[in-house]
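Shared chain: chain A. Partners: chain B in the first complex, chain C in the second.
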Partner chain A sequence: MDLLSFARGPALQFAIGVFCFGVTWRLAILLFTPQARDLTPARKGALPSPIAGGREVFRRMWPEIHPTGSNMFTTINGYVFHLGLAVIVFGFAPHIQLIKSIFGTAWPSLPNFVIHIAGGVTIASLIAALVKRLTSPVLRLISTLDDYISWAVTIAPLITGYMLVGRLIQPYNTALAVHILSFVVLLIWLPFGKLMHAFIVFISRARTGAYLNHRGAQL
Partner chain B sequence: MTGSATDQTVTKTAAELSDAEVKKAAHKLLSQVGGSIATYAEACVRCGQCAEACHFYHASGDPKHTPAYKLFPIAKAHKRSVSPLGWLGLAPDVSRNDLAHWEELIFDSCTMCGRCTIVCPMAIDISSIVAATRQAFAKVGLGPPDLRAAAENSRDRGSPLGLTEEALEDRIEWLADDNEIDIPLDKDHAEVLLTVSSIEMMKYPQSIVGMAKLMNATGVDWTFSSEGYESTNFGYLSGRGDIAKTMIERIVHAAEKVGAKTVVIPECGHAFGVMRWSAANIVGRPLPFQVLHITEFLAEMKRQGKLKFKSFDGSITYHDPCQVSRRGGATEEARYLLDGFATDFREMTPTGNRNWCCGGGGGVQAMERAAGLRHKVFQIKMDQVEKTGAETLISSCANCRLTMDESAEHFHWDHKRDSLIELLADHLIEQE
Partner chain C sequence: MTKDRTLGEHMSRRGISRRAFGKYCAYLASTMALSPKMAPAMAQGLAAARRQAVIWLSFQECTGCTESFTRSYSPTLEDLIFDFISLDYHHTLQAASGEAAELAREQSMEENKGKYIVVVDGSVPTKDGGVYSMIAGHTNVDILASTIENAFAVVAVGTCAAFGGLPYAKPNPTGAVAISELVGNKPLINIPGCPPVPEAMTGTIAHILAFGSLPELDDKHRPLAFFGESIHDRCYRRSFYERGLFAKSFDDEGARKGWCLYEVGCKGPIAYNTCATTKWNGGTSFPIQSGHTCFACGSPNFWDQGGFYKSLPSRTSSIGTVAGATAAAGVALGAGAALIAANRKKQYSKET
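Coming up: the complex of A and B.
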């Protein structure tokens, strides 16, 4: 079995297995950890919790910038790389083909030049995020190994993807295998580190939304 | 008055803890991890956006005051219990050093104001995390000695400031005589049970007179009770769950005894927060009465036309107590009371749910060792007030008021300060 067959075959299958198991396991822990029932009466006019929770998930997509503008960079940069990643993962024709081969569903792709720009911007944005993490005293203090590993496994598929498209690794099959393997690593790591926030964000926002809505507190 | 003392009653430093006690603290941290806490413990992406939202970081510029950093002890305990590394014994447990390092951060530099929750993209409620972490620390005797003493005084003497039953009776009699006002105590039956914050009774007694005057003017049947009067809950603030419960049970018992349908919490944000949003959960049953902050109660009376005020023409700005506004959902009640009364009302920037904390909530007011940091934080408030150009700063929390008075004295800041209740009482139109 050559490297590409390995990457496309057992490696990817294993990674998808670990990803599904890991995500399910972590979500199960969060969703099934018992939560004491709130015996206090809700404020008059409070929305039902599921509605308040759902509303909070969406409401928090709107950024909250400090009057001093001190979180402006983090907020905007965060939007840039999240959107960039979404564009690349869901808009690039070969990725859509891969998704189709697994889930059987597809959609129109974005033009290649859009993907190239998105890739470049996303890589630059992730590098900026790392520089910020390394230079900000606050971020340096609160960062853990998880932050650096998560950063590395996120940027790796972008870089290998760029090398693949730009023919920087030869032969092509090796480049493709390296790209797929970098994605395999991302999939395997995702459930075990902070990248899991892609799922936890819904629970966390919904819980706080319901909690504060019960009190009638409007954030 | 006595109460059960199931928790560690001697204040210790982390260095004085035995290994077994360190383990006990770690275990207690873990036992605090309910559904939401577990989610919060796992949700932080360490983006640091919460730092600037916290008055402690804003004032000190010290990264250790970043709200996310206060998550660490509980996140560490949780991770050890749920991660594969933990199962293999490879994830570190909460250590003596951790307890020593975070004690000050969990107690002295968090007022549980909830301001960081506004900006957190993951909506993590650091305030809930800090409350849970304090319980674990308190379990083994950690925490500022004066905060613990305030809790134990409440349990043993009825109040953190020595307002015993006898002192309550004396002071009520004195205030009633001196001000020629009826202040009912221990009526057999009453619709409304009014409670006190001993800060008011001991330091701002005119606030009690003001409350009584307003309550009398509404015409409702109300009383104080010597069996349950202190509504501040230093048990809760110090992490002493046993004392928190004792304090709540006294008020519940007193309210049930007089058949009160409503318990009114005076000008104290945390007292309101605990009694309104936690008490039923702490005693384990729904309460047979509604709990209202005094501003909510008076606003309702004003809506019903039972209270009327002469206008106040000086310029006023209002400090939102965090537990009444941002975390209490009663932001508009004080404004409704001021509406049509204060002819020159000026909002601070930011205000309402985004207003800055005074720096003394969450029991921080009672911690002598936190005074320096508190004063630094108060500079934010002074700046806010000065920018409004208002002559008078008012609030509806005696704890905020005391914090502001002490810091104002520290800075020789002679801006006028008052309580909303006292101001309203002074401008009450007494109806026949």
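Coming up: the complex of A and C.
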């Protein structure tokens, strides 16, 4: 079995197995572990919890720059690489083909030059995020190995993908295999590190929103 | 033509001018992506070349490679057989049969020790002592071993010989192997394809004749001149790929407009071959130009790449069952862990 066949076959299958197990395992623990009930009465004017939670999910999607501009970089840069990743994952024809082979649904792809631009911008944005993390004393202090691994496994498929499209690795088969394997590593790591926020971000925001609303905090 | 006479002498006897021969060599050098400066050297080398003894062994194959070889545009088969090479043994083309044919092979091996080229098409079965393909009472393994012993080089033509091909495809009932697994350190050239582009076969032999050495090869022993670039990189539909314009089926509007066939399973990006440039039938066309996808037939394991009409990024193994089973296991384990934690908490509350 050559490297590409291994990457497209058993490696991808194994990674999806680990990914599904990890995500459902963590979600089940989160959702099924009984929480201490808040016995305090809700503050006057508090919204019903589901509405407050839903509102908080959407409210936090809107960028909010601090008056001093101290969070300007992290806010804008965060949007840049998240949107860039979305464009690449959901707009590039080969990625749509992979999604189609798994979920059976597809949509029109974007022209390659759009993907190339998005790829370059996203890589630059992720590098900028790392530089910020390393140069900011506070960020560096609170960073753990998880942060650096999560960064590495996120940027790796971007770099290998860029090298694949730009023919920087030859032959193409090897480049494609390396790209798929870098995605395999991302899939395996995702449920067990901070990248799991892709699944729990809305749950945690809703929960926080409902809790703060109950306590009468101004949001 | 005697074996002592050079090709140049033979050409002049047949009335072929130096100019015509020079033009032909320029074409050949260009086909092989050699520098234009190499054309005179090639002409000089070919003119001085003596007839090359070639023994062609056919094992687990379909004769498609020979069919392709006989449709070579230039040099023509006639040129190749009578001018360039002395095809001393070939099941399909030789007149002799039975013991006479085997004798011709043995005689050629004896007379051209260390100089003859062995061309092999077809894979070699190794299971059960190699009984699944035998010639004159001998297994293919034995015939190959004895024939290549004193050969100058081995040329594996076709994907079956180069990489195992169809006989090697799962479940490989005959234990087929590629020639590369049986030739040891003997110089080997792979010219894969199902069938290979004829010019790639004849051009490679012409290179050996002209320069007395093997052409530059890639890591899979393929001549870089013919297998150095992918079909995708040289495809005239490439611009549609870049613009995101794809045929979704073989009879939709995109297909009629000649858009990229990537989404209907074209394997052009992983196919290293010369079809898109040399083309077939004297440069007439190639599969993609005819509206079909590229199968990457010159690649290892092309039969087992998940389906000819599945796009390249598609998964090749079943994922639904794995995803379902692992997700169920994750939920069960997570819920179980949550339940145990809840019970412990209750117990702790009671104790305190």
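To be clear about the criterion, the second predicted complex is superposed on the first by the 216 of 219 C-alpha atoms of A that agree within 3 Å, B and C clash if a C-alpha of one lies under 4 Å from a C-alpha of the other, contacts with A are read in each partner's own complex, and residues count from 1 in each chain.
Everything that follows uses one rule, which is that a contact is a pair of C-beta atoms (placed from the backbone, for glycine too) under 8 Å apart; a residue touches a chain by one contact, two chains touch by 3 or more.
Keep in mind the model is a prediction, meaning the values are calculated, not measured.
The superposed arrangement places chain B and chain C next to each other on chain A without a clash.
By the document's definition of touching, of the two partners only chain B reaches A:Leu139; chain C does not.
Once the two complexes are laid over each other on the shared chain, residue contacts for A:Met196 go to chain B alone; chain C is not touched.
Of the two partner chains, both chain B and chain C are touched by A:Ile29. Look at A:Thr75: by the touch rule set out above, it reaches chain B but stays clear of chain C.
Contact with chain C, but none with chain B, is seen for A:Cys20 once the two complexes are overlaid on the shared chain. When the two structures are aligned on the shared chain, A:Thr105 is found in touch with neither chain B nor chain C. One geometric descriptor of the composite model is the angle centred on chain A: between the Cα centres of chain B and chain C it reads 170 degrees, in steps of 10. Between chain B and chain C, the shortest distance over C-alpha atoms in the superposed arrangement works out to 8 Å. In the superposition on chain A, the residues of chain A contacted by chain B and by chain C overlap at 26, 29, 31, 33-34. Chain contact summary for the complex, chain A toward chain B: residues 26, 29-31, 33-36, 38-41, 43, 56, 60, 64, 66-68, 70-71, 74-75, 78, 136-144, 147, 192, 194, 196-197, 200-201, 203-205, 207-209, 211-212, 215-219. Interface residues of chain C facing chain A in the complex, by the touch rule stated above, are 218, 230, 232-233, 241-244, 246, 262-263, 269-270, 272, 299-301, 304-306, 310-319, 322-335, 337-339, 341-342, 345.
Taken together, the chain A residues at the contact with chain C in this complex read 1-2, 4-5, 8-10, 12-13, 16-18, 20-29, 31-34, 93-95, 97-98, 100-102, 108-113, 167, 171-173, 176.
Residues 33-36, 38-40, 42-49, 51-53, 57, 63-64, 66, 68-69, 82-84, 117-119, 121-125, 128, 276-281, 284-287, 290, 326-331, 349-350, 353 of chain B are the ones touching chain A in the complex.
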